[in-house]
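The following blocks contain the structures, represented as structure tokens.
Next come two complexes, and both contain chain A; in the first it sits with chain B, in the second with chain C.
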Partner chain A sequence: MHVSFLAYRRFEYLKYSLALIGLSVITYALHDPSVPPNGGTWLGYTLGTVGAALIFWLLWFGVRKRQYHSHLGQLTGWLSAHVYLGFALLVIATLHCGFQFDWNVHTLSYVLMVLVIISGMYGVFTYAYYPARLTQNRADMGIRPMTMLREVADLDRRCLKIADQMGDKVHQMILRSIERTKLGASLWRNVLGGVGTILGDLTDELKSDVGRSQLPLRPLATPIMQQGGEMTVMYVANQFASAGADQVKELLDLINAKKALVTRVQDDLRYHTLMSVWRYFHVALSIALLAALIAHVVSVFFYW
Partner chain B sequence: MPPSSYKIAIIGSGPGGLSAAGRAADLGVSHVLLEAAPQLSNTVQRYQKGKFVMAEPEVLPLRSSLAFEAGTRERTLSVWEDTATRLRINVRYNAEVKALSGEHGNFALTLQDGDRIQAQNVVLAIGLQGNLRKLGVPGEDLSFVQYQLDDPEDYADETIVVVGAGDSAIENALALARQNTVIIVNRRDEFNRAKEGNLKAVRRAIDAGGIQCMYQSAPLRVESVEAPGSKPGVIVLKSPESEAAVACDRVIARLGAAPPRKFVESCGVAFPNKDPNAVPALSDRYESNVRGLYVIGALAGYPLIKQAMNQGYEVIEYIEGRAIEPADEPVLREKFRVMPQLPNVSVALAMITRNIPVLSGLTTLQLREFLLDSQVLAPKPGDIVFRYKDYSNTLFCILHGAVEVQRDSEDSVHKVPLRQGEFFGEMSLISGRRRNATVIAGKSCYLIETPRRSMNKLINSVAAVRRIIDETFLRRAIQTQIAPEVPLEALDDLVHTARIEQFDSGAVLFKEGDPGDCLHLIRKGSVTVSRDIGGRECVLSYVAAGNYVGEMALLTDSRRFATVRASIATETIRLDGTAFKALLGKSPKLRNKLEETARKLLANESAKVRGGGTGDMVSFFVNQGLGEATDVLLIDESLCVRCDNCEKACAETHQGTSRLDREAGPTFAFIHVPTSCRHCEHPHCMKDCPPDAIHRAPNGEVYIQDTCIGCGNCEENCPYDVIQMAVKEKPKPVNLLSWLLFGKGRRPGDEIVAETGKSAQKIATKCDMCKDLTGGPACVRACPTGAAIRVSPEQLMTMTRKTAN
Partner chain C sequence: MRCLLRTVNRRRKGVVVYQDRELSGDPLSIGRAAGQDLYLPDLRVALHHANIVSSGADKFLIQSTVPSGIRHNEKTVQSALLEVGDRIGIGNCQITVAPAGGGYDLVLEVKHGTQDNDLERAPLSPGGNRAPARLSLRAWAWLLFGSILVLFLVVPIAGFTIPALGNFLRSIAPPISDSAWDPGSLNRGHRFFGDDCNACHRSAFFSVRNDACLACHKSAPHHVDIQAFPLPSLTEGRCASCHKEHHGAEWFVRQDEDLCLDCHEEIKSVAEDSKLLDVPGNIGEGHPELRATLITHAAGKEQSKRVSLDRKAELKERSNLYFPHKTHLDRQGIISPDGEVVLSCASCHAPDPGGRRMAPIHFEEHCHRCHKLTFEFDDPRREVPHGNAPAVLEALKSYYALRTLEGAYLESDAAASPPSRQRPGERASTMLRREAMDRAASQAEVVGKELFEYRACATCHQVHAVAEPFTRWEIKPVRIAEAWFPKARFDHEQHKTIACKNCHAAARSEESEDVLVPGIQKCETCHGGLGAESRVESTCVSCHGFHVSKKYAMDGTVIRATAEKRRNRRESTPPPRDF
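Up next, the complex of A and B:
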């Protein structure tokens, strides 16, 4: 019932793309110019025109994607064509230049184009690989990242409450552990927008919560340098003798539950980011390519 | 002192009575308006503050000496009060009529204070609200006990005990709970008397702790407390286990009202039957069997304000001996314009009563009201009235001529004729499914087309209409769905055993291993078929309305093979097993056909039992309410890159508010059901829409018209949370290129967050499947990876099979 953009209309655009590649390769092989193959022969000009047209059309995807009223085909079809014809561009442009590379604006365009296509290919990979990962990672948990984050905050609160009863040191310990919990850094925030803001809100919420807690937040006489969750767990486990066994066990359970949840939240964020961050390169490089392409075309005609 | 004497005494100053008094005052006729309360229009006064008063039906012109248009309660009341003063209406407040006797020319009315009034004519316009029921326990009249609530905002930080389990009790409790501690007292252990929306809301509030509920509790007494610093009152409640005293600031009892029928009967007015909803038999001039005693408004069966006001005006005209035409006359005349051979409306009405048996039992007034919502059609011979698989759900009566019904869209030879007086379209009306046949107009054919809402109203209020429609439905359903090759007459024995049965969601029609004694034809809703596999009930398949279950055990004379459960509220036609077996004995062709289908089904199901998995998916879909869906958005999460382009597309094509929430909703085996409209067969949202703004388009889309008044009933009634209230605002168009190139203006697809001030009017918004856009739903069109699709339940079930294989 569901058909991936890669298999859209039984790989229709893959077929077009292969046909285009095949046609270009055969013509290139049969073509026997008096000079070594380059952009200046009739085939070179033809392939160049086709390639430039393709680049403009591929860039248009960014516009078409946002034309929500347009009924010119389904966006799935456009993406399918974008992917396969974008791949064909690699072959066409290479044949266009006849494998002639140098330190000039022409090769710069070529290199930028290759980078755009490679980033696109990586994008296709992320689109194929991460969606299922995301769902699996979220299985049996809150459906929304918000719910997951609330859960983390809730576990933190419960940890603190127990730690409160276990004395100063444990409390400080847990507090540090909570403060060390980093759910996404600034890159995430930038990339994720919405989710990043939620994270910020929650952190603030948690901080004010901590502020309300019973114990003064004075520094410990002997600062305990802890790195990572394992140490916290060990430290709490060592309280076994002094504090009640039940409390220690409950606290350890909570810490472990939280650790597991945090790992999943972090994976969730990571997958989301991986699926979107490549586009920042893909689009930026495309704009650079557009500029270089214009320079390339203008200079070719200028120095004719 | 001799009693005061008037030409006309009007009892009750609601819209009908007030309008009658207004007309009498306008004409200078001697009159008195008797009102039991100390103010005019007590029922409207009792509406919650700011309530929007509707002016339905829109097509009906208003005819009254008082003005009335849709608006707030306050506005309506102030206009009426001003006009009453201006017209010098002779009104007596606190004048409840205790007894009424006499006849035309000489009526005697006794008031509560013992005063007597004489009148030549009496207009009874007391409505149905009657007298409010009180607590009936000691202390019921204490100052902090009240029986109505004007503005819930007037109370803050109080402990308020609300007594009652009806809609007004719930609405009051919910509104008060915003700034008070509210305890609701319910005599029973459920709130099933309330509207579904209120029911859901109060349950939610109780679960969330916003309202405390004391079930199975009844008030014993109310006492006031004088001690300083304590609450002013105590209400003592009795529950099966114990008595509890609850200290409170206020007791609000909403226990309904005693119906006024007893009083009306004591005046000598006759009712046609014992049905508590029955209305008195009236002439078409609103006169009862007592000459000179007229009944108008809700008591006469007309609950709408505008109707009542028109009747008030007309009744005075009739008493004054003027034969004015009813207010709806021009509207009806316009409707019959397609039949120029009819000289006037009364001839047309007589023709309907004569020609169409299902409508012949209606009074003239009922028929006029019925026609107000209907259309008279004059299709040319060969015109298609509706097509097979159309999504319309109106009912057609043949006033003249004939139509032909073509069951099979391919087979244009076999057509069944339907003649004058018969009706068609009842299948879709009842089952909520698409049309199951194409209907073609014959020669000189005239049809009356009635919308679903008016038809349902009629079915629910006139028993004879319901009986005829149900019987016809039974006969036709049995023939078309079980035995099309058997002539109707041969089915008679079977039809006589037919019984309509209703099942709540989850109820069992029959259990695996039960003896097979009947066949169920599903006429509304849907069921799941499941079997016990390794101690677990595994769903094998899903059967929608229009199909039957239970034939297998009858064919093989064995016990039930599987358990069948209603997946949503379902109605079936139960056919007796013995009669069915007798029919099979008589018709070997039918037997062969059924056996063939059964064999295939059995093979298919045993494959499913071996394969496993599928059943879980069917259960998942059914639990998501997809059993009543006609079209549902499904996202394949293994393809979805969470770009939310679907939501953006929805917002951009629908006034800046997305009608779908991609992330919300459950997922099963990568199939995600986002929060988005399923376009139910019997849309819950349509149940209680005051302006009748929710409709189903011919292609099945359920949509909300611009006439939405923002009451929020549909939002409450939707079990799938897919309706939101959004500010009615058209966003500025997006200039895509200027945003793309220069970052100027709004980003396409961004939600419009308008200022939600009190004045901003909100209306209900929901998915309309982009019925007004070419190219289909924008969410699906805008999905870059092919993850979003919209499917019908039938396609869904094929999908479950594919997934399992």
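Up next, the complex of A and C:
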């Protein structure tokens, strides 16, 4: 049976993490240093050593997850420990510094560490939340994204074929909508979601046009389409009137099917992006943290 | 325009075949319809999709005639000026602009797409489930890693190795100098050189050494006489074991009691000859009773002695004065030349200019208003001088000699010896003058005796009469300790919101030998040790100093110069007390 990495071995690592946090907090509370609490007291050095060891171990996860033949524990277990002990690090490092913050390399390390942990926590959230939505979105499409993409290409081809039979202008319109439909164009578009609006606009126009057998009330607000003083949409609508009703219906069905499919592809891309984009921050910042940590430790002992 | 159209066909096994065709005319049309100059048989190409027109000398413009536009270098546009190397995409066809030559104005390479790569073309980007490829995770991570390591470690270390560079960096870019290592602001007193880390941190990977501190604090007194008590903890200790830096403006000295109690809890275990008491704990935790420093007189010289406040029998200040506080503080008032007055503490005691201690009492300022040194009933303005016993007799003699010579009656023996009267201008006889002098001397002695032994002087002072060779009186020297707790950091200014009587039981004191200071219990009503609740948190160093040796400085040298200076000053200036 599948067990989430969060619940691995009945939350074993959550318990270790809470124990570590509890021990640190209690020791900190009982600790009565002769100076304001800081990283230089015996507890400060102890927590600092534990924290640094944790950081190196947490970074090692990046190596361990690539060692496919390793028998050193299950990767699920490693991930579970990575998540829970990473969270404990937040408490340990805060107590290590004794809440002393300033504009220096030491606080830089702390801030980087906090950012890494926050991005990791967001990552845990995406891994817990999006897979279910992803599967739901891909229902009856199989699990391979290429299937969906082939389907879109196929719909495009069929649209163009019908449009070509309906005349050059309709073909141009459909061609335009196909060219303007971008999938996975930019990071932000993927993150924010949304389909190419032109496809949607066009479908709506056509729908209203055919449904009421009237000319569209408003033209598509794109200057390119008004070349030669002629309103393209009106022309297309007129073409619809003269073309066979079967062809119009078939084209509309195809466009609707494509619209639905593109929405699903976009969602698919968006979920995948959200599930992976946090790692850009998490991994890059953790490497930055490694540098800041080295600078922190060396500088402290350099000017002892 | 003459245009060479080179169609690139890929055959099986990777063989590439070129097909050249020459076109001429302006514009050149591109489309799926028959009769187009460049025929592209793809459904994603409109019948007439675009034109290439010449636009000035050797410049060509490609213009789309349909709303879907063309892809110019992977960007969808309506028209674009063609440059060598440009890639134009229409449908599944890729047109590359090659360098012109061979008599052609324009050379275009045309690649027709296959069914397979058609599928991979835009708008379908199968790599969509990866984050965009232009952000390379590794490059981004190593860039951050490298910059942080260089800016915050390599550059500051370089600044340490090359001091000129270090100073330069601190002045122009503190964040990438060793200032970025500064873990917290310095104590207020050290801020003036705070930018220069190397004022204290002189060698890499070594903790701050004492010589860095002694560079400025050479003359700071040591803790004890290090010859008598050469304890390693004192002679080899680090300044930085007590003085902690980088904890903010107010924080500098360790406050924990253990630091002091390590030795002082059982002082004999570290210094056998010490005269100090063991201190089981801080105030409220077993602090021993306070000991007042009193002046004693033995073997012809003044000495000081510390007497515990709970040893009442010994706790007497032999000041050689008579001064009952109780009488002076009578709430009904006391008789003064100006009538009855009610005195308070502040009538006589005022803080010194620093506010820390009380200023000394002076006869002229504080006593004289009531205690007049008059001696002649019918001459109440005439007084003997204060502070100089021989001068008193001299003054009396002079006064009575003058009176006698002026022919005034001396009341006391007016009946026994009638005065001799003389006419003005007539010189008195030798016998008469001697008689007058004798009379004045004896009168001075009578009055002097009265003043010294019964009235003015004896009111306050202990007087010692010396009969031989002729009668004279000596006032015993006043011995009041300048401060009963000379080493304590007690500050009256900080306690001024509390009434004097809360600590000083003066209103009940009938003897001048009473030492009117409260014991440690009184302190403990308000003060407690570190972490004490509902008490003022006070540590050892709140009241006691560490650097208190009068003999040795922190660098181990003898504070000779200072001691000599102090001695000279004492000899050259009159004593502060002048009773």
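FYI, the second predicted complex is superposed on the first by the 247 of 304 C-alpha atoms of A that agree within 3 Å, B and C clash if a C-alpha of one lies under 4 Å from a C-alpha of the other, contacts with A are read in each partner's own complex, and residues count from 1 in each chain.
Operating definition for what follows: a residue touches a chain if its C-beta (ideal position, glycine included) is under 8 Å from a C-beta of that chain, and two chains touch if they have at least 3 such contacts.
Values in this document were obtained by computation on a predicted structure and should not be read as measured data.
Trainee: Per the contact definition in the header, classify A:Ala153: touching chain B only (first), chain C only (second), both, or neither.
Mentor: second
Trainee: Just chain B (first), just chain C (second), both, or neither: which does A:Leu75 touch?
Mentor: first
Trainee: Pick one for A:His272: touches chain B only (first), chain C only (second), both, or neither.
Mentor: both
Trainee: After superposition on the shared chain, which partner residues are touched by A:Val35: those of chain B (first), chain C (second), both, or neither?
Mentor: A:Val35 contacts chain C only, not chain B.
Trainee: Which partner, chain B or chain C, touches the larger number of chain A residues?
Mentor: Higher number of touched chain A residues: C.
Trainee: Based on the superposed arrangement, let me know which partner A:Leu108 touches: chain B (first), chain C (second), both, or neither?
Mentor: Second partner only, chain C.
Trainee: May I ask you to decide whether A:Ala132 touches chain B, chain C, both, or neither, giving the answer as first, second, both or neither?
Mentor: Touch partner of A:Ala132: chain B, not chain C.
Trainee: Just to be sure I follow: which residues of chain A are touched by chain B in one complex and then by chain C in the other one?
Mentor: 272, 276
Trainee: If we count contacts the way the header does, which residues on chain B are in touch with chain A in the complex?
Mentor: For chain B paired with chain A, touching residues are 634, 636-643, 645, 648-649, 652-653, 663-667, 670, 672, 736-737, 740, 748-749, 773-776, 778, 780-787, 789, 791, 795, 798-799, 802.
Trainee: Per the contact definition, I'd like the list of chain A residues that touch chain C in the complex.
Mentor: Answer in residue numbers: 32, 34-36, 38-39, 100, 102-106, 108, 145-146, 149-150, 152-153, 156-157, 160-161, 164, 168, 171-173, 175-176, 178-187, 190, 222, 224-225, 227, 232, 265, 268-269, 272-273, 276-277, 279-280, 283-285, 287-288, 290-292, 294-295, 298-304.
Trainee: Of all residues in chain C, which touch chain A in the complex?
Mentor: 43-48, 66-69, 76, 78, 118-119, 122-132, 135, 137, 140-142, 144-149, 152-153, 156-157, 160, 175, 178-185, 197, 201, 204-208, 244, 247-248, 251, 254-256, 258-259, 531
Trainee: Per the contact definition, I'd like the list of chain A residues that touch chain B in the complex.
Mentor: Those residues of chain A that touch chain B are 1-5, 7-8, 62-63, 65-69, 71, 74-76, 78-79, 126-127, 130-132, 134-135, 143-144, 272, 275-276.
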